[in-house]
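Look at the two complexes coming up: subunit A is in both, with subunit B in one and subunit C in the other.
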Partner chain A sequence: MASSREDETINTLRERLGQGLLNSWVSRPRRAYVHVRQGSHREAISALLNRFPETTISTITALDLGGEIELNYHLWCDGTVLTVRVTVPKSNPVTETVTDIIPGAALYEREVFDLFGVRFTGHPDLRRLLLSDDWPSGQYPLRKDWSPGAGLPLKAPPSRIGNPDMRDASSIVNVVVGPQHPALHEPERFLFKLDGETVLDVETRIGYVHRGIEKAAESLMFFQNVHLVERICGICNVAHTVCFCQAVEEIGRVEVPPRAECLRVIIAELNRIHSHLLLLGVAGLEVGFETLFQYIWRDRETVLDLVEGLTGNRIMAEYNTIGGVRRDISPSIAQTILREMRNLRKRTSFYREVFESDPTLELRTKGIGRLRRPEALKLCVVGPVARASGVDSDIRRDDPYAAYEDAPFNVPVYDEGDVWARLMVRVDEVAESINLIEYAVENMPSGPFRVRVARRQPEGEALSRVEAPRGELLHYVKSNGSAYPERVKVRTPTLANIISFREMVKGYYVADIPAILVSLDPCFACTDRVALVDADSGRKWICNLRDLRSDRWRKQP
Partner chain B sequence: MAKVRIPQILREVASSLFKRPSTRGYPIVKSIPPEGFRGRQVFHPERCISCGLCARDCPSGAIEMVEVSGKRMPLFHLDRCIFCYLCVENCPRNAITSSTTYEMASLGREGMIMKPNGQPMNKEDNGEVHRS
Partner chain C sequence: MLRVGLTNWARRKSPWVLHFNSGACNACDIEVVALLTPRYDVERFGILLKPTPRHADVLVATGPVTRQCAQRLKRIYEQMPDPKFVVAVGACACSGGVFRKCYNVIKGVDKVIPVDVYVPGCPPRPEAIIDGIVKLLKEVGG
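Moving on, here comes the complex of A and B:
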């Protein structure tokens, strides 16, 4: 029964593509792969969208195979992660865009363009995404024939922002915010186009903390990479390690002991509570409600103390490893966790009341930054942002991992789609997480908490997804049979969500910008990629970079 | 005008007025880390068999094998250490053990070097360590 869904999606493609479908296989329940002929990916994706209108794209993974570049379009389609695989020759890496049929792919195509040099014809705005603006052209760091440290010349001085098209009307003002820590303590740059107090459009530039982690991961062994991916994001570090370990465990066919899976639920949910409380506090700060910020962060301390007791550190848990977790839970910590969860539940219901009824919050968050359900689906947003716009999706329930399969929990969904709904989803999720932790502590299976795993992993590939505090996190790992991965691809939830910021902020006041931004819970260190979306596409350029871009960019339609 | 409500948070503010502050008075009052906290490692030279596994496994390259009185032993660059404790976990002879020491701030990089011959952060005995 379980496999019929995967077969159905594959059959949909086979009917449409015929000979264009070269190969297809199902690696495990909810994971299907199809290899299509060069140039057929567009047809394949539109066939899927016709058959399953709620199909969303998770990301595009590119791999350098030597003579050609392989593109993997990971789609979430009718309860299956379907990977559409297509290759393009490396000598002439040009292929057709899919952004017109699935707009959520815009940033992922730009990411592949930036790091692999694949050009997507028909992409409305194919510009640099992650690398700095003064990065030399023709250097694609994730290709295998590229290696760091070759003394790259920085060609241009730090760029000046300029968009001539945005300067036409005299009443319209451009305001550049950032990149020095606007609102949040992370670097990102926004170019707001304002008419009086109203936001007409916004352009986002990220990548200021791009550290090249995907490249670095290729030079570390699998078990060392657990500690590298942990540092992609300080706040959701557990989500990254769970996701990476699961991918490697799938490649190595490692059976994780049930006790470890249960412990992973505990640490992942503690992580979620701490992340959500952090965000709710910051939301209070950004709307000018500092008292709330102080109280929520005080209560967050208890969660950090629990994480410290369980794992040995407050933030960087270093708890997961390939084959299980690194420490067992002692009965005394289990008791402390249960006791503190009871206290925290009281506090959470108090904060729920505050968020529901406080007049300050009501004025600053209700009806602000609306993202409607059709837009949310079209832009493929994930996590609390999607759930606040009425999209009922949660990886823990839809694509269960660790011990979530048997754990009882609800998925809060709100239809309002405004800042308030996005905050309320998180308040409700904290309450659900508390229930999950209590359930996991009380129903802890006995047995070992880790199995030893060889350093060398067999050849293979795996796609792992977890519900990080900010939404769907995806790791794609490919192994070539050695102790080092061939490719590690990370799609963080903020990259999927930042694209919706433009939809949310348009038409609202300048004073609402911090509240709207914070309701996305963006994590740029985590994302260290992301960029801008703009209506006036194709006509933008950054003055100092003409020499870098000129030819290629001008040719864009 | 709608009826004026008393915000929930005021209750909380009023009750907090007469409580002690939630913050700790560090550095006068030091917090005691829980058992199992990952602090500065302790190295036991007499147990070391010079296998170099710690240096090979360290994800951040914080361990360097140096020669101390004819024996190759690890030197810890604590400024690079991420305290993942892979060295503690993977040492075959338990020559590296844990401690809960967390106050490691130093004015210079040399203060963050832990030499194999026991005492960390000791500038004088440079002559004894020979980089291999």
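Moving on, here comes the complex of A and C:
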């Protein structure tokens, strides 16, 4: 048998590590695993980076095996998802960081530290990521021996805001944004360090919406979990269910009928269009172009009508299930979809013209919040953010799933790396999604739309990746042979992209912050209550986002 | 509740709304925002979304309330001027919903602040949210 790409990747590691490589296997095309000796993961990852400089890290999955904690570094390397596996003893969970060789891993290591208590030596900023500020130390919720005790007491949050290290130079002002916002999306807090109007640095605090889904998934059956993962995110819910169902189908070796795969493409692309239109509208709002917001959201309603016609629900599609989809497409819905797609294509080309030529948008977006290609690769950003910085990656093409292998579509890539490019990528993607939906409706295979699947799944593990509207979404599922999963790990695209916000915002003006944030399309888009703190006197005053937009923020009440 | 006729009349005609996500999945949140857009257009009831609690009469709260958000939600409620009303939108905000068993949630908005109207659904349709707010306005008008 000819040496495949997967074998070549593994051989690279075998040459470098020798005895340090304990075991290696390829579970299916584009999925390779290597188990390395404790402490060798750094060497393995740097060897991969030497051989394939464009290697990126997707996430780190930790598992509690009882006596040890297993760490899985999921890397995207030369067209293969390579998982580097290493174990650390639970009694002394300490291992070396990889953030110096692959900076995109910084948040994933903090996540593992927060939820499993693994300490990464040499990590520059190993602090809490998701759990609340008053969470008791020494409690690691995702360990198997941890269970939610009877009511952890709630304490008031600390009154002091921010990091004292930032209160250094006299002209520097700290601006705290969040956690509450005016329009949509989740609470999140940012601490901006300003010199006059220029942003010097930003510190992000996430975790306001951390609910503990990964732990809850372990106490629900696979079929119940489909409904739970659907509610990880209300906007890209279809991406989550497709991703989770594919992982379970891989474990159970379920053959999904071609018709179901084609229907999954239709619902996933409808979901992408609705998510992108939502973001483009909000972007219009944030740069002070409210008419555009109203226009785009009006067109978005037609997409939601199609989703409702196809699935029965406007937002939570509840369409995918393990083994296929839950409803077939009727000929009348198919005709409606085709008709509405023709209308939407006209609207999209109009919006493209607006984004290309409108002077307001040009002034507020071009050359703002730049992220260059080398930084984008280093920070391992995903999806439209990566594509706007010249990184040509799309899971639908590079690691095809569902019926994307045969479907014709282009991957729009822009080199500018600014806010404008990030919005244009999405406008172009809406047009591509329309083509994909038309292709899928017209080339719908006949046959069943689902197969019955047993409740119990065999022992095994699977890694599933999906191109969600915001980028690569990853689900890792491990089964222990029962009807309940042993571990479900989810890496959402926003976690991969939020790390790049710091790079984008440095050196730009306060008024650019909303536009830059929204161009990331994080699952939180706007900022509401801004407390301005003068570092000298400790004086605070409040202004809202509207004042921030209209440049009245310096005025004190 | 304040029973001055003129104030209540004014309040019924223009309830200003603050939206706060206390850990929701965004589904309810985008439906709340959809209320402002041309198809639903709640401005015809005088409803305006406000960015700060100090201007709001009605708090529209979504989400099961995470530990990290609980105190913030309370603080935001306390910042609103009296009389104030709370609408819990979505199954999570009513009872914790699908996240009931998660370790990091408080299971509903009414565990932290008093709730006047519950709008169930996952997510509730925009029509249901409008219905909830209109019911609240009837209550206010007496």
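As a convention for this text, the second predicted complex is superposed on the first by the 506 of 557 C-alpha atoms of A that agree within 3 Å, B and C clash if a C-alpha of one lies under 4 Å from a C-alpha of the other, contacts with A are read in each partner's own complex, and residues count from 1 in each chain.
Keep in mind that, in the parts below, a residue touches a chain if its C-beta (ideal position, glycine included) is under 8 Å from a C-beta of that chain, and two chains touch if they have at least 3 such contacts.
Everything quoted here is computed from the prediction, not taken from an experiment.
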{"item": "More subunit A residues in contact - subunit B or subunit C", "value": "C"}
{"item": "First, second, both or neither for A:212, with subunit B first and subunit C second", "value": "second"}
{"item": "Subunit B versus subunit C as contact partner of A:327, first or second or both or neither", "value": "first"}
{"item": "Touching partner for A:227 - first (subunit B), second (subunit C), both, neither", "value": "both"}
{"item": "Which superposed partner A:298 touches (first subunit B, second subunit C, both, neither)", "value": "both"}
{"item": "Touched partner set for A:480, first subunit B, second subunit C, both or neither", "value": "neither"}
{"item": "Partner chain(s) touched by A:50 [first = subunit B, second = subunit C, both, neither]", "value": "neither"}
{"item": "Which superposed partner A:309 touches (first subunit B, second subunit C, both, neither)", "value": "first"}
{"item": "Partner chain in contact with A:187 - subunit B first, subunit C second, else both or neither", "value": "second"}
{"item": "Residues of subunit A contacting subunit B in one complex and subunit C in the other", "value": "227-228, 231, 298, 301, 316"}
{"item": "Parts of subunit A lying in touch with subunit C, wherever the complex brings them together", "value": "131-135, 141, 148, 152, 154-157, 179-187, 207-213, 215-216, 219, 227-228, 231-235, 237, 278, 293-294, 297-298, 300-301, 314-316, 523, 528-529, 542, 544-546"}
{"item": "Parts of subunit C lying in touch with subunit A, wherever the complex brings them together", "value": "19-34, 37-39, 49-53, 63-64, 66-72, 76, 97-99, 101-106, 122-123, 125"}
{"item": "Subunit B partner contacts - residues on subunit A that touch it in the complex", "value": "220, 223-225, 227-228, 231, 291-292, 295, 298, 301, 305, 308-309, 312-313, 316, 318, 326-327, 350, 353-354, 357-360"}
{"item": "Contact footprint of subunit A on subunit B as seen in their complex", "value": "5, 7-9, 12-13, 22, 33-34, 36-38, 57, 59-60, 82-86, 89"}
